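Order of writing sets the labels: A, B, C and D. Residues in every chain begin at 1.
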Amino acid sequence: MEIRLGDNQYGKAETRLVRVDRHPDRHEVTDLNVSTALAGDLAATHLTGDNAGVLPTDTQKNTVYAFARDGIGAIEAFAARLARHFVDTTPTIHRARVRIEQYSWERVAHHSFIRNSGTRTTTVTYDGAAVTVVSGVDDLVVMNTTGSEFHGFHKDRYTTLAETDDRILATAVRADWRHMTAEGTDWNDSHREATSHLVDAFADTHSLSLQQTLHAMGERVLRHREELAEVRLSLPNKHHFPVDLSAFELDNPGEVFFAADRPYGLIEGSVVRDGAPEPGLAWW
Amino acid sequence: MEIRLGDNQYGKAETRLVRVDRHPDRHEVTDLNVSTALAGDLAATHLTGDNAGVLPTDTQKNTVYAFARDGIGAIEAFAARLARHFVDTTPTIHRARVRIEQYSWERVAHHSFIRNSGTRTTTVTYDGAAVTVVSGVDDLVVMNTTGSEFHGFHKDRYTTLAETDDRILATAVRADWRHMTAEGTDWNDSHREATSHLVDAFADTHSLSLQQTLHAMGERVLRHREELAEVRLSLPNKHHFPVDLSAFELDNPGEVFFAADRPYGLIEGSVVRDGAPEPGLAWW
Amino acid sequence: MEIRLGDNQYGKAETRLVRVDRHPDRHEVTDLNVSTALAGDLAATHLTGDNAGVLPTDTQKNTVYAFARDGIGAIEAFAARLARHFVDTTPTIHRARVRIEQYSWERVAHHSFIRNSGTRTTTVTYDGAAVTVVSGVDDLVVMNTTGSEFHGFHKDRYTTLAETDDRILATAVRADWRHMTAEGTDWNDSHREATSHLVDAFADTHSLSLQQTLHAMGERVLRHREELAEVRLSLPNKHHFPVDLSAFELDNPGEVFFAADRPYGLIEGSVVRDGAPEPGLAWW
Amino acid sequence: MEIRLGDNQYGKAETRLVRVDRHPDRHEVTDLNVSTALAGDLAATHLTGDNAGVLPTDTQKNTVYAFARDGIGAIEAFAARLARHFVDTTPTIHRARVRIEQYSWERVAHHSFIRNSGTRTTTVTYDGAAVTVVSGVDDLVVMNTTGSEFHGFHKDRYTTLAETDDRILATAVRADWRHMTAEGTDWNDSHREATSHLVDAFADTHSLSLQQTLHAMGERVLRHREELAEVRLSLPNKHHFPVDLSAFELDNPGEVFFAADRPYGLIEGSVVRDGAPEPGLAWW
């Protein structure tokens, strides 16, 4: 049996780019972590070390900085500009994926900022024909201190968990949502609204399982945002265990909790709009 | 020459405590990371393994949870309650230090919260006689996109740094401020105001060096908050280097920056109110 | 257009399990991080919160510990036992994936150990019919201080990288290799040999690109280990830049380097044995 | 009351330096993380932004790289060269502290290496008169699977911990040892031997408390290494809790453990040679 090269890609990961827009009345800051990944006719470098088809990862980094000179705009648009460039100008490159994380800064004064939690993300893929755009959030940490139950589950000989009709539900949301099209969307508006619906659905849902909350979050986004085709969520269940204080002759009416690190539940799922375009390379 | 036991302490680090206060109109959440450290007559356990004088670290953890049952209040007060307890009730323990980090949650709804950046801290020490209280913040990340210069520095044969009259100044503030007394202070109000002065001084100061900014931050706090005796600051200089785009026939008028990870400058200093009480065990 | 539930799975991540085997002449320690993920008929919990088909993640954790009571053996076998159990005994569960990381401890004495670097991994998937087994390593950090070149690459207007015929090549290997079958393999022997071939190929290959090294590593494993069908590698290019000392009237003949954090190249690829069985759920 | 500048220092943290020594028969690699901190007449930069006395942190970084051109040798000697340079050549600088972490690489072949766990450290301080040298290790993770007891401890109303005569004892050693003098020591030999004594004492000591083990480790080093004056240890108690399997009708004879993350005990102490020179600035 022969041995052959399989799927492969390469790129520059985590190019840290900060852009300052110096308006007279205020500065604006855009703080990004950009990762590029390219695929195409790359057998030669793998098999013989012939790099004639390899656009160096250093060049990819340079391109990120050079393109930022013209302004960034929404990260979805910036990622699409980069992805198109790599495929359209490098003969050997047939697919590009650009992933961007954007960190949040809140204005304190004219040119002063304080960093907030919450990361906005995008992953844009281009194959020479179609651009697919995924937007999202990462490490959005939320908690409900009540309104969460968990009971009626399947029990086997290894089940010891007590059923509960009141627990803390906390998670660090990673969500990625796929756009119907790559054109005609106000990316900033879409992102703000989708994120808001995620948080509202988390807060509003009386939860019988984190799965139910996950579905409610994805569904809420799709119901309100027609430009979106699918939402994928990854929700760690950040367990908060009530502390048994009875040895100290104290009760604990849902007030004192131990916040555990590991292990944690991990609930992953997607919610899809039927009839939406196929994902293509969106989740490649 | 004989070999002997020197300074020592022991305790339980990073007890993760979340308390929920269930008011009819809203829940409140207090999210803490509590570390206790005790010192005293502990030679026996070191030399012979006789643990008669050792209050287990597991007990220290239990005490944190049990005390939380009665409510937490400001972290400075909670830490003082714990420190006093350990020294006053354990014959062998003569000094206790309690360090608490408090994470920030912003209300979204009645019982729903989203986690914010920024950590409030306290370190309270008690030696059977005096309580010393230090409050602070950690990982408060701030940035000025202009208003920072650095020139006129000492040059030797290894100096290549260009002088600049306009750079980005960014740092992750760790600040600790020592209170004049352990009584009579509205801890929450004091903390909010001190933090606000730190941020304002960072934003307002036209900076010729990060040291100047550091001093301005500490001084601002002491000028406005009479209850405070000293401010200690540790400020990493999170370098943002302008990217040289000239190879691409582009200029870069202070717009495109590379945010570097390592190395980083590290500026540490304290600002002190003359005549304030001696720090005692504050920084022990 | 209707909205529907898409792909989903759930489980308990990062159950930290240490097992001690107490032989008279020596103890042995097995230190694992176990993550389970289950999929099946789980629409009800997502749509209505009806958990009748949900085996709690807490039960999955309990099962990991209970199964460890009978001994662990090779992590591939332990993962397969767990995966089969979840699917075969839970009516609603049709697919299970068990991922295990094993940390390395070197014996110092009869019952004393020191932790080494290097993580052994496995991912085993079972769908009620077939078991697929992937073994691997993670965070295996290697460096060649010479024998690496990079030149002849594609240049565009954003290319500034100098060509080099001598550079440091360093990476943190993540490799996953798929087994031809789930039976009849001495997992420990196979893992030791595959890892050794990876390291040897890294060291032996005079490299014209990290892609060439990647391919050589995968190919070497497949040439020597007939039980393996495919090797997937993810290799960050941990850049070491020679420091320009000319401003200090010093040369730098490949001796003094700056080890950069970010950005970094990221080279990903697979090497496949033609005619091997289809991967099925191996990379699910 | 007046407000004044208190203690302060500044420097460049975490300069990542790799040096390759290219011998015909083999290469050698030295992988360091160097942090410098300077103090002296620095009031002007804090109070007015006059930087005439400030040697830029960028220059400190350059100096680290330039000095590496001449070879590094033992990290204690390299740190001392740097500390002396900063104080002896910069009029305003009166104290320098250089902290170095050295990462461990094991040879695989002539110019190929694999990274091991374990970090060697040094902190060298110079004030224009005396050099003090501290050597150490960090993140040396060790475990005894038996030979550890904990009982006879002080009990109060919050004590629930069961006494045990057999537990796992695991820790990540941070140790720093102070040398009697800054001259005449074979640093590499001294470090290897001291580390070996630490590990042997951990393994050999039948432990009634982690404090007893800590003291035994420090004492062992001082008894065997006359060049050392003091050992400081910080030992997190990495708890391994036996899992209660009784609900599954299984016993657990000390075989199956949960490795907890937080909270953890933290035991800190020093062992001192009576009559040794005063520490001076060693722990500054």
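Of note:
By definition in this document, contacts are C-beta pairs under 8 Å (C-beta built on N, C-alpha and C of every residue); 3 or more make two chains touch, one makes a residue touch a chain.
Only a predicted model underlies this, so the values are computations on that prediction, with no experimental measurement involved.
Counting hops only between chains that touch, subunit B reaches subunit C in a minimum of 1. The most distant chain from subunit D, with centres taken as the mean of CA atoms, is A. Mean C-alpha position of subunit C lies 31 Å from that of subunit D.
Per-chain CA centroids place subunit A at a distance of 23 Å from subunit C. Listed for subunit D are residues 16, 62, 66, 158, 160, 247-248, 261-262, each touching two or more other chains. Contact residues on subunit B toward subunit D in their complex (touch as defined above): 1-16, 35, 37, 42, 45-59, 61-63, 66, 89-90, 92, 149-156, 158-161, 207-212, 214-215, 219, 222-223, 230, 232, 236-237, 262-276. Put simply, subunit B touches subunit C in their complex at residues 157-158, 160, 247-248, 261-262.
Within the complex formed with subunit B, the subunit A residues making contact are 16-22, 27, 29, 31, 62, 65-66, 68-69, 105, 108-109, 111-117, 140-147, 168, 199-200, 202-204, 240, 243, 245, 247-248, 250-261.
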